[in-house]
Each structure stands twice: as structure tokens, then as C-alpha cells.
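A quick write-up on the structure given underneath.
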Amino acid sequence: MPFITLTTDFGEGSLYVAEMKGVILSIQPEARIIDITHSLPPQDIRQGAIALEQATPKFPVNSIHLAVVDPGVGTSRKIVYASIGRRHYIAPDNGLLGLLARRHAPSSIISLTDRSFWRDSVSNTFHGRDIMAPAAAHLAAGVSPSKLGEPLVQLAPLDWPELVCGHDRLVGEICTIDAFGNLITNIDREHLDVLGPPQNLSVTFRGQTIFRMASTYGDRAPGDLVALLGSSDRLEIAIVGGSARNALSAGIGERVVVLGRTNATPIGVSSGK
Amino acid sequence: MPFITLTTDFGEGSLYVAEMKGVILSIQPEARIIDITHSLPPQDIRQGAIALEQATPKFPVNSIHLAVVDPGVGTSRKIVYASIGRRHYIAPDNGLLGLLARRHAPSSIISLTDRSFWRDSVSNTFHGRDIMAPAAAHLAAGVSPSKLGEPLVQLAPLDWPELVCGHDRLVGEICTIDAFGNLITNIDREHLDVLGPPQNLSVTFRGQTIFRMASTYGDRAPGDLVALLGSSDRLEIAIVGGSARNALSAGIGERVVVLGRTNATPIGVSSGK
Amino acid sequence: MPFITLTTDFGEGSLYVAEMKGVILSIQPEARIIDITHSLPPQDIRQGAIALEQATPKFPVNSIHLAVVDPGVGTSRKIVYASIGRRHYIAPDNGLLGLLARRHAPSSIISLTDRSFWRDSVSNTFHGRDIMAPAAAHLAAGVSPSKLGEPLVQLAPLDWPELVCGHDRLVGEICTIDAFGNLITNIDREHLDVLGPPQNLSVTFRGQTIFRMASTYGDRAPGDLVALLGSSDRLEIAIVGGSARNALSAGIGERVVVLGRTNATPIGVSSGK
């Protein structure tokens, strides 16, 4: 029996999540449901895409991942099934699967149009419960994805801030913040590797320069601002033993620049700016 | 093996919830436990009743629903089992099951007095763990409800704000608010239907009139105040793409009036009040 | 199949928790995962130790309890397996298991050094996912704890505020606060019993004296400040129907004194201090 995971912006403890679980278990009582998160900022498709990319590949192949961040509920946006990286996804077609689809081209995309797999009564404001949850349950029960509707050629794109890559620098931004207040960027390991080994890289943020990336938080003293490669292989800015978000009042979208060691600037001495 | 759901005011991540799960699984390790919510406002029986009515009927028949909002713990209030709508409920007898019992008359009510189904040691302040969780686990293990104690004739009533229905209007109030900040009223589809089709109804709230109910959020422009039938078939007031609670500083208990189209007032033109 | 419980400071809804679940289920798909809490204050080892002591003994014997509060991740602190009270624990060796180990001496302690049971790629900042979660999954799959690494003689100690016991008094402190705002102390039933029966004990806090401990919240009127033995058998200070934390702006670490009835002071009359 495959797992069904849930990723939404409904809030932890939301009754809407409970309703979806009830609907799934009423169709397929053997389903094993795992919560990924319900703490996505309301209607924030980009944070949803980040969450799906970070968490779902850790689950067993054939897991069914149901994601609902759906500001367009009840309008003409489609609801889709997509097979990506040997996992099954069900989501509104609004970019939510965009980061996953950049990693692995979807091998199948279906628009969920067959009403026989919907809930008997479909509300205008809660398709997560009335269309997506039943689809996930039917998939778990062995229904072939192709039966759920009509094939689609491609998914709607995600609005995503692209990295700017110079010969000696990368310009990115804070793209998500975790509960510790660590600031996580869109600058990934592959791009950093091109610039040089981490201990040779400097990171500038808010006019401060952090010389040499650290390898873990404990490499620096409590209270120090550090830059390091986080557990999702992206550049992260943190305060050792504290919250960089709170200490710096930092927010999503702020610019971060990584500089390679292109000249003889002594490492470890701040330029004072 | 039936499901056991949990609905409490202990807070998400509460250790009290974990203790209840441990107690249940120690008695019946095969139990499948599902969280409905632990985010009810502390000691708010009415919000608990709303949660149970909204979520539990979505679960399979024969599920066991355990609810703990228990300001009277350790006093003379009873703890009850009730069979309602082919589901099993365990809760303090303080009105928490009141909305469910209005929908479907309970077919059996038992006061949980038989100490042989309680935890060995019973605290004065945590009957959720010491009496209710063991009862749920024993039910899941196949114990007949009638063995848990003495029959009761009726449940304690819930203090509930009743709708006022005029020939051309309904007067209700905000009775709950979801995590998106949508304001959900005690005005249900059945009563609205009597007044007329949604597109003919006006809703007044805080001195503003919303002409014509919408069918979904996307029917209006971002930032617009809308009134629509929510996913629980109750009138809901929302800000498209935003939070009505935050935008209006709105709270539970505030008055909402629905007006039918009883004269020639042109729809779509505000009366200016 | 034993249960695997999770206790972390990652935040409810954290993607880090979801990643750990994915890793566990990829190794052992039959594992049954239960969340204890993810709401521990960040990097607060003492609150983690309290949570583990309160919740984990309620679970069936042979459960596997995985706890991650790990400010020293990536440094030289060890990661350990310990068998305590017939339950299995996996945690960083930083005091997190300290309260449990005071109750029951660990029967086996292993440093998790065998990389063949780690994740293929191990980050510097997330050993919960890369070392601890795989270890828990392998244990659930039947791997013997002794295979996970090298035996250790003892666990790192926990920094813990000890009770001061006089012949007629106990001096302790607030050591945790629950979601209701109840103030829970490090003063336990055994020490209270030495002083006398609860109804003969007075409790002073913030210069106020609470005469006679109550047996449950409902013993006093709404708004009253009460002292009682909480559900974890520790002295607790509460406001009936309210939040003592909010009403008193009370915090962890504040001093609480319990006085026995050592002279003829009339009980029930405040001394006015």
C-alpha cells in the first residue's frame, strides 16, 4: 500500500486537513497518510514548490504526494496528476510542481476531469477535499492514473527567481526561511562548486561580508553570522545558536552575492564595509 | 481495525496528546490514530463542537472519535460514550457533542463509570489520558460500549447562538474563523435556500453590504470582500487573496445579516449604508 | 513492528521532520511513526529531556524513541543509542536523555559510529535525517543495537536545576509551561509527600502564598490562582479557567517554595505577604 503525503497551506491543526484525511480513508481505509506540512504561507505557491522539492524525494518510490495551495480554486485552473521521478503527484496546475519538474521531466500528466472519481458533491471552494483527495485515494487503491482524466502536454510554469551567474560571482536571493530562522537561498551546490571550494568563497548579505563558508554551525562561535551549505545543498545564512531572521529582520527575496577567490584578498579579514 | 481520531484544545505538539497516544497504543497497538485538531482555543467547547461536526462525518463509519475540551475535569461532570450517525464518540459531557446530536439523535449514551476500563492510576486533571483514551482503545479492541458504564438518557446541551429567521432576512453571527482568516457563520445552506438563490442575496456585516453572493473566491478581484457558501455549506465572508479577519479585525460573535431580494432594489449598486 | 516516535525542536510542520519520515519509511516501509512533539524551544536540551521523560514511558515497551535537539550538530558530540526502561532511544549525547537515565540506569549505550547504517550522503548540519533516522529505521527492521557502533560507559549529563529540600520546605522552580499556560515545577510528588498531605501545604510564588493545594482546577473559582499536583506528578501553578503564564507574565526558572504545616498558622488565612 503506497503512502499518501499531504502538503498544504491550511495551517497545522486545520479542520480542512482532517476532512481530506476522512475522505481519503473513506475511499481507501488501508491508505497510510503522512503529513509533510500544513504550514505553508497562505496561497504561496513558491514556498509550496520548495517544500515538495525538499521533502517528497526522500519518500519511497511510488508514494502519492498530494499538494494543495490553490488560490484559483473554483476558476478555470486545472487539477493535475503528474508522474515525476517515479513518484505520483496530485496538485492544482499553478506551478506548485514546477521545481520538481525542472529536476525530472514528468513522464505523464493528466488533467483530472473524470467526475466519476470526484466526491459526490463538489464544493466551489475546496477541491482539495472534493477532487484531489478522492483522486489520491483511488490511485492508492490501484486505479490507473490514465483513468482519472485527459492527458496534458505540459504543466503550468512556476514563477521562480533565477540565479545570475557571473565569471567570479553568483547573485541569488533568500528563497525560504526555516523555523530556526536560518535563511536559505536559491544558490545550490552545483553553482557554488563552479566558483571554488567553500572555504574560498565569500558571501555578502546586507552589506556585510562573511569570509569563508563554514562547514557546520559549530565551526563558529555562538552569535556569529555564518554561511554554509545547508542540508538541502543550498547556501544558507545563519546565526550560530540563534535566529538570523530575527537578528537581521531578514526576509524572503533579499539579495545574496557569493564571490569567488579571484585575487589576493586576504581571507579572513573583513573589508570593513 | 477502526480509526481513533483525536480532537483537543491541548495545542499542536502538546505532550498531553503524545501521552494519550502512548496510552491508546499500549492498550491496543493495532489502533490507527488520526489527529483532527489540537488547535481549539483553550476550553472553548463551542469551537470543539463545530470541529467535531465539520470533520468527523467525513471519516468511515465505525470510527471512534475522542474529543477533549474539558474545563470541568475532576469535577462532577460526566464522561460519556455516544453513538451518533454510526460513529462512536467519547467526550466530557459538557456540550461538546451538541451539534452532532442535533443532526442525528444519539442511538446510545453511556456514562463511563466502570473503573476497570480506566487507567490504573487516574489523575485529577487529565481524564483525557486516564479515562477517555483507555475507553477509546478498549472500544477499538472490541469491547462493547455498554460495558463501559451506565446508560444515560440524554447529553448535556450546547450553548449555541440560534439563527433569527425573518420572512425576508436571516440574522446570524460569525461562529468560527479558519486559518486563512475566512469568517464562517452559523447561517447554513438550508436557511439561505429559503430566502432565494445566492446571486439574489445580499449580506450586511459591519455596516457594509455585499451584494450578490459569489460562488467561489476567484469570482471577484483580489482584495474584494465576498460572501459565499463555504465548503461546510455555511455562509462565509472572505477577502479574495487575503484575510478577512486581519483586514476587518473581525471576531467571533459579530452579527451578520442576509437579506433576500424582496423589492426592486437594483442588485450590484450599493445603497451606501 | 515497533513504533518510532519523533521528538524535535524543528517546529510543527517543519520540512525537516518530513525528510526524516521519508528516510525512515524508505528503509523500513512498515515502520509506524508517531510524533511526540516538534514544538520544543529551539536548541533547548532541558525542555527536550522533560518531554522525553513525560511522554515516552507511556508508549509500549520496545518502542524506538528518536529525539533531535542538536545545537552541536557536526561537532565532536556523539550520537547515541541507549536502552532505558525497556525502551530504545536515539539522540545526540548532550543531556537529552538525562532525566530518563536518572529514573532507570541505561542497560546499554552505543555510540553510532558504523557508517554502513548511515545515509549514503551525510550533511554537516542534519544528522537527525542522515544518521539518527536511518538508525531508528534499521532498529525497527530488526538490526541489533550493538551493530550500530561502539559501546559507551555513560551518557553526557544534563544540566538540571536540583531541588533544595529543607526540613519544613522545598525550594524549586518553574521548569516548563504547557499550552494552557500552567506553570509546572521540578517539585515532584515524592518530595511533597515527605512534607505532608497536599491540603496542609502552602506554596509561595512571586511573593504570594497559595494556602492548601487543590486537587483539581475545578476546586476553586474561575480566576483563582491554584497550586496542585499535575498529571505528571509534579507541583503545578495555574489560574482556574485562564493562563497563569499570561496573567503573571511568569517564566521558566522562577523560584517556587513549598511550606509544610509546621506550626499553628491557620490554614486558609493569608499572611498578607
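Each chain gets a letter, A, B and C, in the order it is written, and its residues are counted from 1.
In this section, a residue touches a chain if its C-beta (ideal position, glycine included) is under 8 Å from a C-beta of that chain, and two chains touch if they have at least 3 such contacts.
Because the structure is a prediction, the values reported are computed rather than measured.
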| item | value |
| --- | --- |
| Both-way neighbours, i.e. chains that touch chain B and touch chain A | C |
| Angle (degrees, nearest 5) of the CA superposition of chain A onto chain C | 120 |
| Centre-of-Cα separation between chain C and chain B, whole angstrom | 32 |
| For chain B, residues contacting two or more additional chains | 12 |
| Residues of chain B defined as touching chain C within the complex | 10-16, 18-19, 21-23, 25-26, 29, 33, 42-43, 71-75, 123-126, 129-130 |
| Chain B partner contacts - residues on chain C that touch it in the complex | 3, 5, 12, 34-39, 51, 54-60, 178-180, 215-219, 228-231, 236, 241, 243 |
